[in-house]
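What follows is a pair of complexes built around chain A, which joins chain B in one and chain C in the other.
Let's turn to the complex of A and B:
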């Protein structure tokens, strides 16, 4: 059994650690790039959303490197994610990859704890280590993803305050590259501890008042940087501090808390006024995050979702109301297989200009153009 | 005393515009050129024409670049400020009409709506995935009907009974137009119907749930189309203002931003004169194979010497010694 999994932000690092601890052979999906997307979209149904194309691309690339067991999270939920595993099975078998084993990690509340354990035991059975070590391995893997998310969050936040321009981004990329090269869980933990301390002690200028932006929207497209044109890194270039609640570790914690209805209580409560029901995916979380963002001290929010994502389309239609009620700017970016970044950059830059002039205006009453063309013009209207 | 001038360039998908502005924010010269897929040549050509007219008699104090080709243009003229076209348009419009509340901007490939209050942009939207209703589509329809684009709008005004056309998508709209033409409707009615459909699509796409308040300014190449303007006025039931330099407002905004930037920073301009346009610029794009990100790196060289690189995620190319940093 050679296992592989989709590349989805820090999830890949957690899975890498897990497979290493369990001593199960694995194929690490390469970083998502144009080739992944090209392969994925070629074999995908025309109208499927972007994450599917990337997942399929990952799998085909990994199978060619020798993987035979594909691990994917499933969902019986009301968005297209619910049909991912069936579609993947059909497409891959049509492509002639017949000896594949799929392990679909559906929610235990949906498939029953017995079925869930049966599926998981297939991975477990391939591991030679003891039961208690397996539990420890699971815990370490979670620790890894939690640490990674924490380090990322620090880097994205500190980018607005750094004294040495570009340091946060550079170190962030450096640790990601090194993490993928780690040979065992101990090495990984040491590396992550080192970088966590690095960011804790990075030189910052707290007198700075950078723009602060919340990244909200569909979980895959916000946690897998390739799918959103590396928006968080771009914002780092502009010296913007970003915040994102949705992350792989948030997702895991949320799933554990779901059966006892303790999942994302604050977000759901905040969303309640605008969207009292779950609409699939993370539509309700998107609305809740938009409502909460101003309270976190954010200047604006950017919603990102793949073209045609139903839950986010619903959320998008609610965002203008929040924008109006809270006087809080929100911009939406819809991503798909598009190579032209120019349109996205234009929107992001214009959004930053807008937030900046709003911020300046709040401090001193300074209009967009300091001097109008003619005095006559100004005189007429005052 | 020698007067200072400011140069703004807007390299868009369809047109490349240049504006030379004086210290009193007056437009001294404007050029509206077709990009025709060759931004570098078109921009050089435009600068050459400026040079021919003004030569060394004007002192350029600052330059600004905007438009989808702003990075490239900024590189070519060593612009003092490189700004996105949304900000440039907003700045230009509020210089002319400080109280402007809504800006409708329709260009060759994209359309935008910008909302302002007290001179501050508070919301904007840009068309997402569909180019229906932009200049390129109108161009195509005009050439299909064999009507010069300059005349296109006037046909719409002559319509007696505008037909109903689906403006949701450029492909559907074209099928609809052909269907209407084959059932015997006259061109005037079809064109008027198209204008209304495109305006409805624009409003539906960009302005849904937003308040369009007056004064409303309409800029960008499509503002020349009287049919579209009439359709906007009819559907909104509001007056539309077309500024005198509607077609080069982006470049005008870039010139204003350049003036402000240089006054704020107190620096000298990086502009090295119209004569530098003779420099041989060469743009190449390569796919970096050093890691699995496979970034598309754009390299610009002048007279065989590498001047700038961008497009790489790791910063390795952009940080090559002696290169100009594009951002900031």
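Let's turn to the complex of A and C:
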């Protein structure tokens, strides 16, 4: 059994640690790239959403490298994500990959705890370590993804305040590369601790007042940087501080708290006024965060979702109302396999320009037109 | 009190129920006219551009009704079976409509979750309370509506044509003659009768859907997949046309699932959107009809 899993931001790092400590052979999906997307969209149904195309691309690439067991999380509606496993099975068997084993981690509340344990036992049976060590391994993996998310969040936030321009982005990339090379969990934890401390002590200028943007939208496309053209890193180049609530560790915590209805209460409460009923996916979270963002001191929000994502289309209908009620600019970016990067960047730059002048205008407290407008160049000219 | 009922989305499936219920509790019903160019244009104007065609059409109907009624029934269908859904868009249809279209009258938006009887009666009580305080009247209306709904039958099963195809797809695509450019008439004109999923045995459909690794959690996805596979296996028809609308999330999955079962059974997908040109549509249907005729050995007049 050689296990593999989809590449989805920091999830891959957690899974790498988990497989290492369980001593299960695994194939690490490489970082998503053009080839992944090309393979994925070639074999996918035309109108399925972008995450599916990337997941399929990941799997085909990993199978070529020798993986034979595919691990994928599931859900039971109403969004398309829950049907991924069925489609993957059909498509991969059509492509001639017949000896594959699928482990679908559906919610235990949907398929029953017995079935859930049966599915999970297929992974744990392949591991030679003791039961208590397995639980420890699971805990370490969660710790890893939590730490990674924390470091990422710090880096994205501090990018607006850093004294040495570009430091945050450079260090962020450095740690990601090193993390994928870690051979065992202990090494990973040491590395992450080091970088966490690094970011805690990074030199910043707190007198700066950078633009602050909240990234909201569909979870896959906001946590997997390839699918959104590395938007957070691009915003770091512009000296913008970004904030994002949805992350792999948030998702895990949310899932655990859901049965007792303690999941992200603040977001749901905030969304309630505009969207009283859940619509699947993370549509409600998107609305809730848009409502809350201004209170966090954000200047604007960017909603990102894959073309045709049903819950986010509903959220998109509601965002203009929030924009109007709260005087809070929100831009929507839709990604798919044919989205052109240049047009995309132009839109982001225009949005930043707009936020910048709005901010200046608010600070001066007088009409913008009466002042000579100096447009700050937002390009990466350092 | 005038209550508007938009002739969009699941109207074709549940109009008997809705109209009977509202009439029985003493409402005067205003139903929007069959979809036309004006309604479609209005819908496209108001709705977000990423939504599917039926949703845009629905916006058009709501917009037509907004000045012509005192309240509007915009049903929020959560599900009609336990642990199953219709589509995320249906759960949020009210939010879409109310945020996209200005100056709407009061919307009756109680969620419908007809998985159990008591949930349905809760819906009826809340909806009925707009008009009457008399609970007995509401419950009587509900019973009558359910009974009439049970007796009503939708769907097509044409007899007497040399060829027959299964026409599968969402009710709001199949029964809206404007957006599908009267596909039934076109097919009948080519000597093809149609059978829809309502005429396939429900038990067989459930059986086929149950064979999947994971039974689809969309009620209609199960129905369409099961019906299509039944037609393929029992050869109830000579081919299948799947009528889908652009960017329908459910169809993107169902079509792929059906395709993996077709083998060499004739199967064609027709996509609808607000730009669909009729000529290209006709050509595809004619080509499919020709192919079926040749396959079944009818009319070798190809000279």
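Before moving on, here are some points about what is shown:
Operating definition for what follows: the second predicted complex is superposed on the first by the 363 of 382 C-alpha atoms of A that agree within 3 Å, B and C clash if a C-alpha of one lies under 4 Å from a C-alpha of the other, contacts with A are read in each partner's own complex, and residues count from 1 in each chain.
The criterion applied here is as follows: a residue touches a chain if its C-beta (ideal position, glycine included) is under 8 Å from a C-beta of that chain, and two chains touch if they have at least 3 such contacts.
Only a predicted model underlies this, so the values are computations on that prediction, with no experimental measurement involved.
When the two structures are aligned on the shared chain, A:357 is found in touch with chain B, with no touch to chain C. Looking at the shared chain after the overlay, A:342 reaches chain B, while chain C stays out of its contact range. Of the two partner chains placed around the shared chain by superposition, chain B and chain C are both touched by A:307.
When the two structures are aligned on the shared chain, A:181 is found in touch with neither chain B nor chain C.
Within the superposed three-chain model, A:334 lies in touch with chain B and with chain C [touch as defined at top].
In the superposition on chain A, A:320 makes contact with both chain B and chain C. In the superposition on chain A, contact of A:233 is made with chain B only, not with chain C. With both structures placed on the common chain, the touch criterion links A:34 to chain B but leaves chain C unconnected. In the three-chain superposition model, chain A touches both chain B and chain C at residues 307, 320-321, 334.
Residues 45-49, 74, 76-80, 82-83, 85-87, 89-91, 94, 102, 104, 106, 110, 274-275, 277-281, 283, 307-311, 313-314, 316-318, 320-321, 334 of chain A touch chain C in their complex.
Interface residues of chain C facing chain A in the complex, by the touch rule stated above, are 47-48, 50-51, 76, 78, 83-89, 91-92, 95-96, 99-100, 111, 212-214, 216-218, 246-253, 255-257, 260. Residue ranges of chain B in contact with chain A, taken from their complex: 24-26, 68, 83-87, 90-91, 94-99, 110, 116, 118-124, 126, 128-129, 208-210, 256, 260, 291-294, 313-315, 327. Put simply, chain A touches chain B in their complex at residues 30-31, 33-35, 166, 169-170, 173, 177, 230, 233, 237-238, 307, 320-321, 323, 329, 334, 336, 342-343, 345-347, 349-351, 353-354, 357-358, 361, 367-374, 377-378, 381.
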